[in-house]
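Shown below is the structure under consideration.
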Amino acid sequence: MNRNDVTEKIITAKVAHGIQWADVARKVGLSKEWTTAGCLGQMTFDAAQAQVIGEIFGLTAEEQKWLQVVPYKGSLPTPVPTDPLIYRWYEIVNVYGTTIKELIHEEFGDGIMSAIDFSMDIQRTADPKGDRVNVVLSGKFLPYKQY
Amino acid sequence: MNRNDVTEKIITAKVAHGIQWADVARKVGLSKEWTTAGCLGQMTFDAAQAQVIGEIFGLTAEEQKWLQVVPYKGSLPTPVPTDPLIYRWYEIVNVYGTTIKELIHEEFGDGIMSAIDFSMDIQRTADPKGDRVNVVLSGKFLPYKQY
Amino acid sequence: MNRNDVTEKIITAKVAHGIQWADVARKVGLSKEWTTAGCLGQMTFDAAQAQVIGEIFGLTAEEQKWLQVVPYKGSLPTPVPTDPLIYRWYEIVNVYGTTIKELIHEEFGDGIMSAIDFSMDIQRTADPKGDRVNVVLSGKFLPYKQY
Amino acid sequence: MNRNDVTEKIITAKVAHGIQWADVARKVGLSKEWTTAGCLGQMTFDAAQAQVIGEIFGLTAEEQKWLQVVPYKGSLPTPVPTDPLIYRWYEIVNVYGTTIKELIHEEFGDGIMSAIDFSMDIQRTADPKGDRVNVVLSGKFLPYKQY
Amino acid sequence: MNRNDVTEKIITAKVAHGIQWADVARKVGLSKEWTTAGCLGQMTFDAAQAQVIGEIFGLTAEEQKWLQVVPYKGSLPTPVPTDPLIYRWYEIVNVYGTTIKELIHEEFGDGIMSAIDFSMDIQRTADPKGDRVNVVLSGKFLPYKQY
Amino acid sequence: MNRNDVTEKIITAKVAHGIQWADVARKVGLSKEWTTAGCLGQMTFDAAQAQVIGEIFGLTAEEQKWLQVVPYKGSLPTPVPTDPLIYRWYEIVNVYGTTIKELIHEEFGDGIMSAIDFSMDIQRTADPKGDRVNVVLSGKFLPYKQY
Amino acid sequence: MNRNDVTEKIITAKVAHGIQWADVARKVGLSKEWTTAGCLGQMTFDAAQAQVIGEIFGLTAEEQKWLQVVPYKGSLPTPVPTDPLIYRWYEIVNVYGTTIKELIHEEFGDGIMSAIDFSMDIQRTADPKGDRVNVVLSGKFLPYKQY
Amino acid sequence: MNRNDVTEKIITAKVAHGIQWADVARKVGLSKEWTTAGCLGQMTFDAAQAQVIGEIFGLTAEEQKWLQVVPYKGSLPTPVPTDPLIYRWYEIVNVYGTTIKELIHEEFGDGIMSAIDFSMDIQRTADPKGDRVNVVLSGKFLPYKQY
Amino acid sequence: MNRNDVTEKIITAKVAHGIQWADVARKVGLSKEWTTAGCLGQMTFDAAQAQVIGEIFGLTAEEQKWLQVVPYKGSLPTPVPTDPLIYRWYEIVNVYGTTIKELIHEEFGDGIMSAIDFSMDIQRTADPKGDRVNVVLSGKFLPYKQY
Amino acid sequence: MNRNDVTEKIITAKVAHGIQWADVARKVGLSKEWTTAGCLGQMTFDAAQAQVIGEIFGLTAEEQKWLQVVPYKGSLPTPVPTDPLIYRWYEIVNVYGTTIKELIHEEFGDGIMSAIDFSMDIQRTADPKGDRVNVVLSGKFLPYKQY
């Protein structure tokens, strides 16, 4: 058994029972983004959270333990994603990558925007010309220091 | 001559004269994100904008024409970026990619978040534990329709 | 269970029972292109459509639910396809890619031809020198806007 | 000197003088698709056509000779294109590739749609919800024969 | 079940019963090259041929149906083959590729040698310095036409 | 200076003066296949041959010396060739590769068909349905021996 | 002009004048590791440091400005390094990667060891069986937090 | 059965029983780094060690034998690791690779730091600004000698 | 069943029973290098040899037949091997590759050192500074001939 | 200026003046293998050797200094070499790689054959069936030790 097995079991149960990620997040008491990432095998739950997840998706005690193990992260099967929705994000990084780099350095100097001390919020915004996906990314700036 | 030559000339002038992207954007009258992307060879300026850019960076008339030609886009030299700042964004897509996909589909159904009808806003947020980079991405949702 | 399992079951049933995609499409009431893409795991059916598909290919209720889940798209096992029929399309993109780009930009300006708000129609055209495959692709033009 | 040098010279002249592909095609007397592909280094002109092209773009006699040499084809710098407009076409091949294969085989049996005995026509279609790019691809079906 | 399963069953039966491809071809009434390619999952048999193949290798009725389905072609597990015999062919294409291109264009003009309207004949030629493999490839020349 | 420089000079002279490979081969006294491969930087000429080549293409004494140096071979810029004519050969190796392997082993046992003790002959064959390219490959069989 | 040009000029001056990295670091007043990385185009100097570097290596005022621009980082020409010394480090990451991951997670929980808030110290340790390279890496632990 | 099966069984038992690597190392009598690498299939145990490991994780006699077989090493599924913790190490090699090379050569001359005659020690260092991961790498310097 | 299954069975039996390759070679009556390569699925045994191998490793009659079938060769899972022992050989080819090429051409002219008419002998050489691995490779020189 | 420039100058001088590697080695007083590798930019000369090399190939004082700088090693332009002579060596590593690994481990236990404490000797062996290339590789065995 490994974490992938648990992830697949969660997804299978989700489809079979029509479970919504937003509901799972509400029961776990965390954002829908972090909770979904955890259920998809990218984050680590504590024991209490694992039990809640386990009850929702019908996981055994051993499977709940796997939810508490830090996973080998990376959710995409290829370096360049083939799925159109995810590819658009890759495209944003590719087209705007050097722009993002320039503007963050202009504001903060040399360093990075953390992907660890990080949160993401995905919301729907109504728009008469077609609703929009609004995403807020927040990452701590970490400066390169001299030594 | 090609667009890359113009991009390199812009960057060289920027370093030599200490030009700031935010100032360029103010003079062009557009967001700093879009303006920087254009200067880095990813977007297309109109004639008036090209003239403003040309004056700032000292471009010839022919170079200004290149700014009005739709460029071959993609600003990264490798499929997986090696630069740490840009890599963190690639990592976000890799670790959170399937999460983003799940949550957008849960809210909107099958389709994508556009990277064309799209805008990006990068801001500094003060934080006592270390300032943060706050980024808002806004993309129109485009549904797959049946035919 | 996952969507791939359902796709494989559909294909196996198709071969075993000599089912034609055109017939499936007629029963579902949609184009043969969209219907086939859906059966091959690239599109999302609604409940009524999934039931029709399920009856044709002998799918269980749970398998029909999988047809209603947005799949991870991309139907090719390698970045450059090895199958000669599909490769010819890749070759068209490779040889004519910059031409397509130039002509669409000449007509519409900067932007893309959507692959989401998109339809495809494949027809046989009789020709004394050998029948031809005629394909009509229709995609909405999406302009890059300044912000 | 090689064909790439001639292609770059053509593109540079096009930008400097604001030449339109449609005009070039009219003067050459061929479709805008084939003519553009030829100017971009993917097709072979005959001597008379090369002279017309040469006059439009100011090419020397030797450069005109290069237009008559069969080029090493393939217009994209990477196996997976990074430019968003061209990528959408790659995505169509990736998402619909197996569908196209199934439907052509269902109609014609084993074989391919030729990318050599092939033509392409790109047109704008007015649409109140946003104009569309309409593309007609026509390729001779070539059957695999037994021997 | 898929075509690969049938291919593997054919190969397993071939080894277990010491079947020769030349004998299979004789019974099917086609060349050994085409017949072997079909048994290895690269070509499509008709019903009568599939029955002959089925009897030789002990295939079920359903497996015989798979032989009549156009397969996803490409018989090599990696883009650059590792097997020394097949690699030598890849090396011929790599070392002589531009030579083949030059000489066919010199004789025929722009176009290709078809790999679809194509046949191959592999023969042993006795030679006192060591027997030789003699291969004749015959492919229809397909010209690029202007449109 | 390196061999590539000499190859480029040969090709440039060929285009400028309309030289034919078949004529070059006749003057060198070797097959057009081997001679072309040598001129394209894949084979090694002796001093007398290099002089003939040098006179035809206007090479200096030093450039003629480079023709006598064994080159780093491999004439293609990418592992999978993008040029349609050369790709068809790659496709033949990919689709028929396992077939070629099976049939040579059935006839000769374990070993390879040499790509070194090798010759190639490319001819046009008239055919009412369209002329064909006929290629004869002849390679010595080299058996794996036990030790 | 770009940062690579400055890096190449620094290296050329270093070879021509026999400059030692340790001496450069002493004059700059920082560690030899950080200073060398900066001179090799991976870190950003401030104006005073750039002047010191500029005097040592004979850089112009404009070149010194480039030292103050955040570079596009990544110092290796291929994803898997070919140089034996650097490859050994890649091998350590490959062989010990999962071990490092397990032990850091066992001690700290889910998170990473920062490569930004990071320092490195390379020392020679005398050893009768052969001197050793001793390297101390120090990176802040950054925990994944729930949100 | 192969070494991977044993590795997976060890990891499954570790999760099920909450075993700590540090405890395993203590019982085996070696460092936690080497012991963990061995349990993860990268090092070779002797019979006595394999028995201790076997008792801790409940391995059969045959599985213990596999621990004594030299494994095919390399613990990462992709050349560029996707897991953020391991990627940071890859990034260190990429950003600092040429620096490490320069400084070791400056001190020792041409040669490498061994990854075989090598040890690693990972420790937590308390720090008021956030605890740090401290890693000491020690590798014998191996000089290239002339011959 | 395929050759890989037989290879895995041989390796499993080897570990379970502590069989030595040198003993297997002695019983087969061939070198340890060729015999091991054959057992690892890279060479072809005759019937008598297959029977000896079969008795040593407990193979069925059908498995012995697979040993007599020419395998698809190539024993490494990735183009650049990750295992340190095998990588060192790859490194030798990478670092010394052009040297080997130069020296063989200087001695023999254009051609190759055969990897088919080839033998390898691996021996231990005692050395007070540490025993050495001594490997003798012997390959027939095959000249490129003109035609 | 960089090492590659020096390497290219050496090769150009070698061709222009017909210099032999064996002669260079004799004058330097080292093996032809090491000397050639050094001249091809893979090894580091000391000052006296660099002077000898410099005189043979007409190098400036600055170029001689580059010969004394440890180069970034790796002499091949692609991970899988395209040149037939070098490919045969890659093929040996691919086909025999696991065999070499097994036999060295059987004799020495876990560890590697060094590619640093290493020498190579390439000789011609007369053989009535065709002369052979005989290569002796000698590398120190380096054991993995426990810690």
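Order of writing sets the labels: A, B, C, D, E, F, G, H, I and J. Residues in every chain begin at 1.
Throughout what follows, a contact is a pair of C-beta atoms (placed from the backbone, for glycine too) under 8 Å apart; a residue touches a chain by one contact, two chains touch by 3 or more.
Because the structure is predicted, anything quoted here is derived from the model rather than measured.
Think of each touching pair as a link: the shortest run of links from chain A to chain H has 1 of them. For the two copies, chain A and chain J, the CA superposition rotation is 180 degrees, given to the nearest 5. Annotation: the chain B:chain C pair of sequence copies touches via predominantly the same residues, more than half of the used numbers being shared.
Centre-to-centre separation of chain C and chain I, using mean CA positions: 47 Å. Centre to centre, using the average C-alpha position, chain A and chain C are separated by 29 Å. The set of chain F residues that touch two or more partner chains comprises 33, 72-74, 76, 79-84, 91, 94-95, 98, 101, 105, 111-112, 114-116, 142. Pairs of chains meeting the touch criterion are A-B, A-C, A-D, A-G, A-H, B-C, B-D, B-G, B-H, C-D, C-E, C-F, D-E, D-F, E-F, E-I, E-J, F-I, F-J, G-H, G-I, G-J, H-I, H-J, I-J.
Residues of chain B that touch chain G in their complex: 8, 11-12, 15-16, 18, 77-78, 80-84.
For chain F in complex with chain I, the touching residues are 30-31, 33-34, 43-44, 70, 72, 98, 101, 105, 109-112, 114, 116-117, 119, 142-147. Those residues of chain C that touch chain A in the shared complex are 1-2, 62, 65-66, 69, 72-74, 76, 79, 115-116. Considering their complex, residues 20-22, 32-33, 36-37, 40, 42, 73-76, 79-81, 83-86, 88-108, 111-115, 117-118, 120, 122, 124-125, 127, 129-142 of chain C touch chain D. Residue ranges on chain D touching chain A, taken from their complex, read 80, 82, 84, 87, 91, 94-95.
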